[in-house]
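Alright, structures below, take your time with them.
Two complexes follow with chain A in common, the first pairing it with chain B and the second with chain C.
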Partner chain A sequence: MKDLRFYLLTALGLAVFPFVFHLPLINGYGGLAIQILIVSIATIGFNLLLGYAGLLSYGHAAFYGAGSYAAALALLRVFPQVHSFALALFFGIIVATLAAAIIGALVVRLYGIYFALLTVAFAQMIYFIVFQWRDVTRGDDGLQGIAAPMLNFGFAKLDLATTLPAFPLGPFGDLSDVKYWYIFVAIILILVLAFVRTLNRSQFGEVLGAIRENEERSVFVGFDPRRYKYAAFVISGALCGLSGALRVLYEGSTGTDSLTIDQSGNFVIYTVVGGVQTLFGPVVGTGLIMWLQNVISAKTEAWRLIEGAIFVAVIIFLPSGIIGTFAKKTFSLGKVLRTK
Partner chain B sequence: MITAQSLLQAALNGLILGMIYVAIAIGLTIIFGMLRLVNFAHGAFYGIGAYVGLVVAKKAGFGAALIVAPLAVALFALALDRIVLRRFYQKEPTAQILLTFGIALMVEEALRMIFGGTTQQYPLPSWLGGSIAMAGLQYPAYHIYLAAAIALVVVAVWLFIRRTNYGLLVRAGIRDRTMVQLLGGNVRLASSIIFALGAALAGLVGVAASPIYSIDPGTGFNFLIPSFVVVVIGGLGSFWGAVLGGIIVGELVSITQLVFPPGADVIIYVVMALVLLFRPQGLLGETEVIKG
Partner chain C sequence: MANTILQTRSLSKHFGNFAANADIDFAVNEGELRAVIGPNGAGKTTFFNLLAGFTPATSGTIVYKDRDITNASGPQRVRIGIAKAFQTANIYPSETVEQNVRLAALARIQGPFALQVFRRSTRLEAIDTGANRALDRVDLTRLATTRAGDLAHGDKKRLDIAIALATEPEILLLDEPVAGMSIDEARRTEQLIKKLATEMTVLIIEHDMEIIMGISDSITVLHQGRVLASGTPAEIRNNQAVQEAYLGGHTESELAG
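Coming up: the complex of A and B.
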């Protein structure tokens, strides 16, 4: 029953979101809703590491960027004649997962500041290599004008850029404000949430929590912390890769901005503001900050200052983030929103 | 074409860059040693120093800027320490990194709003200009003065920590904070002094290095990340480690720039990763740090 309620409420929330988002006061738009959902997937992956494994990575842009560059290169250079949506997505995930598998094997033996700095070091290496390797990556011009293939179901093809049929919805705009892209990404997001939720409720999640709270004791009980942290690291990187690949397929371009330390910092900010150790925190944090950025940066140049102030205020006054604080106070909704 | 002369030039450039890293990294490392605080806002101190210095230099000259800017940064750091950071001393490093990262973001953006995002050139007074001839090489005199001045400052800081009563308190505090407090030593005061001193150093370099590297709101953060590389290579909390690490990093960047330009940005991260993997306590770090 609880599972059913989780799926229904999440699906309902995602179905209502683009229309509420469209209200004049909120002033969001369809494209932003899709971007929020795509980036949320990476943030969820990041939180798997920070929230559940207790490891702060400052280099997760590496996997997000790897996924986006791999998907872009799959379409442009590796398999240009196939031009398949699924193949590009798959290739993006595989490359990001491989990168996480290699880097993860090296970083999980470190703790705290050393872990954070080593992830920075690897992310910076990848950034500068992509930046310099102009023949393949076009350097800081980025890869542009990538035509997204249609989604091929075998029996039918769907261009995700088409909109739903027109149907007026009063103040909530029109059904045709939503593209199939939104539905596609929303389904993936639900699957990702369900995956992470299941993972955290499994024995794996329990052990990860035990390691986070007291690593020494988890060793005495007979677990190997490194193996669990490594698994969390790789899964986390894979989710960032999925997000990066989706970004390329949706936007048709990627660039070195996807690999910067600023991008890594964004995942940190989104997660902390939304709430670490919560399932929906990363989604809410990503949505809130990206939306605020969109609204505020149009009006004033002070956006980044405001973002920094929000971030610092959350760290000092709401250390469990928006969802974390909210979930402790209310019971009915809180139980759904919290992971456990 | 790599000649003996271009190599000498690169080595000199590397030394200058390295000395700037040394001055920033010393602050980072003594703050970490004393306060156990991982300070991602250290680049912001550089930035504030550089911009305050710019304003003062235009009004009252470069010499005044060298005095006023570090004082201003030290005051800012003291206020920051009293109001915000103090609550985070005892928290885990992750929380400290997040907090100081947020503060760094805010300072960088505040500087961008006040002074604009464009790169600003720094006025260099004529008495510091000119060039020095050495080994068939014309080298800007200011670069040499800067390196020598930083060397003097480093020795002064070392003497302060080693030879004064405050320094004694600081070293005792690093060893055993609680015991010093029980014996009536004012660890809070010592902590504040070290934090302000480290910040003032970054502010001083912000003024002194800007005639060479110019300044924009992101410069501080751009210096911060390599400075962390320096501290990690030398050993977090190690004074002479920061000095050694700074010179190594400066030379690595500069020599690679000459030999294989595309690798200049990557090389320091490769070396940092190698150090973290094979000698996580750094070249001159003594304590076992892999844990915690």
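Coming up: the complex of A and C.
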């Protein structure tokens, strides 16, 4: 019953969401809704690590970028003759998961700020490799003009760039403002939310929470915290890879911006603003900040300054984030960083 | 002759140049209630930490049931039956009392790691059995739904023991179980320890001499990281070296009282 309510309300929210951008005051554009949902998936993955495992990664762009470059290269170089949507998506997830498996093995023994610093270091390493390896990655130019294959269901093919049939919706625009892409990404997002929700309530999530609360006691009831954190790290990286791969397939391009420390920082900001340790916080935070960025950066160059101010204000006045405050969560980023 | 369950040979732990434990030869029999005493800084807690796998030994060996466990990790030792309750109650304060012991029961059932991202632990009935039993043994059943952090000091310490019990140990390490308790709480805990000692091997660090002399089968005295003496409570009470080193030469009656 509660499950049904969860799916219905989430689906309803996602169904209404793209049309909200047509309200004059909101002033967004159609594609922004799709981008927000795609990036939300990475933020949800990031929150799995920060919120549920209590580890602050400042290098999650590595997995988001790895997913996007891998999906792009799958279409351009690795399997160009196959040109499959599913294969590109799958390849993106696999490469990001492998990257997370390797980096995770090296960082999960660290705590707090040291963990954060080492993740930055590895992410920067990947950034510079991609930046320098021009033959494959085209360096600073990024990979452009990637034609997304049609979605192949076997019995039928669907071009996700197709719009829905025309149907006027008054102030909310028209049904045809929405592409099938939105529906596709919304379905994936619901699946991701359902997965994280299930994981959080599972035996695995229960132990992860126990380790977060008291690692020492957890060791001495017989759990192995490192393996739990490692698993959380890898799952988290896989979700970022999925997000990155979707971005390439939707936008038809990727660049080194997907791998920057700014991008890593974005995941932190989105999650903390929306609400750490909450299911919908990452989605709300991603939506709010990406929308603000879209609106504000059109008017002033000082967007970064404003974003920073918002982040600081949230840390001080709303440390549990928007959703976290409603859900009466208590979260402290400082405490995560001070963990030894 | 009873079976030796846990034994150490020349066990040492150095922190830099400081030998917290030096060449400790120690053996405890199955079912025994053994006290480890000594003045502050004698190395008692370090010794327990070595036994529980909390810190690695610098040299020497630890043998548990004929198996060398010197290099076994903490979780591995819990798995084979060595559990520890801490000097300062080590619990999950934001969880309920019941959830505290459920986690330990879960660890007992599933082992150090299980990638169970879909199944809920409530599906495992054995957890209920294990958790309820552990709470019942320390008499905390009536507080099962209380937030652990809200418990009184004595109850927190007994919950810590319950967590250890929920891992179903064969050997239980108790580090100052009655420290900081009211007289009444201490009496109840003393009764609890006596009862537990009939079911498993118990090692106990404690400063309360009255309790130690009353409940122990035997006592090991540590002094400056070394074993000073081992024997029955009566032997220890009358041991001249113990009286001098441990109490700075106080009389027998003072030690007894």
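Note that in this section the second predicted complex is superposed on the first by the 328 of 340 C-alpha atoms of A that agree within 3 Å, B and C clash if a C-alpha of one lies under 4 Å from a C-alpha of the other, contacts with A are read in each partner's own complex, and residues count from 1 in each chain.
The rule we apply is simple: a residue touches a chain if its C-beta (ideal position, glycine included) is under 8 Å from a C-beta of that chain, and two chains touch if they have at least 3 such contacts.
Model, not experiment: these values are computed from the prediction.
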Chain B versus chain C as contact partner of A:Thr198, first or second or both or neither: second
Chain B versus chain C as contact partner of A:Gly112, first or second or both or neither: first
Which of chain B and chain C A:Glu206 touches, first, second, both or neither: second
Chain touching more of chain A, residue-wise (chain B, chain C): B
Which superposed partner A:Leu56 touches (first chain B, second chain C, both, neither): first
Contacts of A:Phe223 with chain B and chain C, given as first, second, both or neither: second
First (chain B), second (chain C), both or neither touched by A:Ala302: first
Chain B versus chain C as contact partner of A:Asn152, first or second or both or neither: neither
Which superposed partner A:Asn214 touches (first chain B, second chain C, both, neither): second
Intersection of chain A interface sets (partners chain B, chain C): none
Footprint of chain C on chain A - complex, ascending: 195, 198-199, 201-207, 210, 213-214, 216-224, 227-228, 231, 235
Contact footprint of chain A on chain C as seen in their complex: 52, 54, 73-75, 78-79, 83-84, 86, 90-95, 103-104, 106-108, 110-121, 124, 163-164, 166-167
Sites on chain A touched by chain B in the complex: 50, 54, 56, 58, 106, 109-114, 116-118, 120-122, 124-125, 128-129, 131-132, 261, 265, 268, 272, 301-302, 304-305, 307-309, 311-312, 315-316, 319
Contact footprint of chain A on chain B as seen in their complex: 38, 84, 87, 92-95, 97-99, 101-103, 105-106, 108-110, 112-113, 225, 228-229, 232, 236, 262-263, 265-266, 269-270, 272-273, 276-277, 280, 289-292
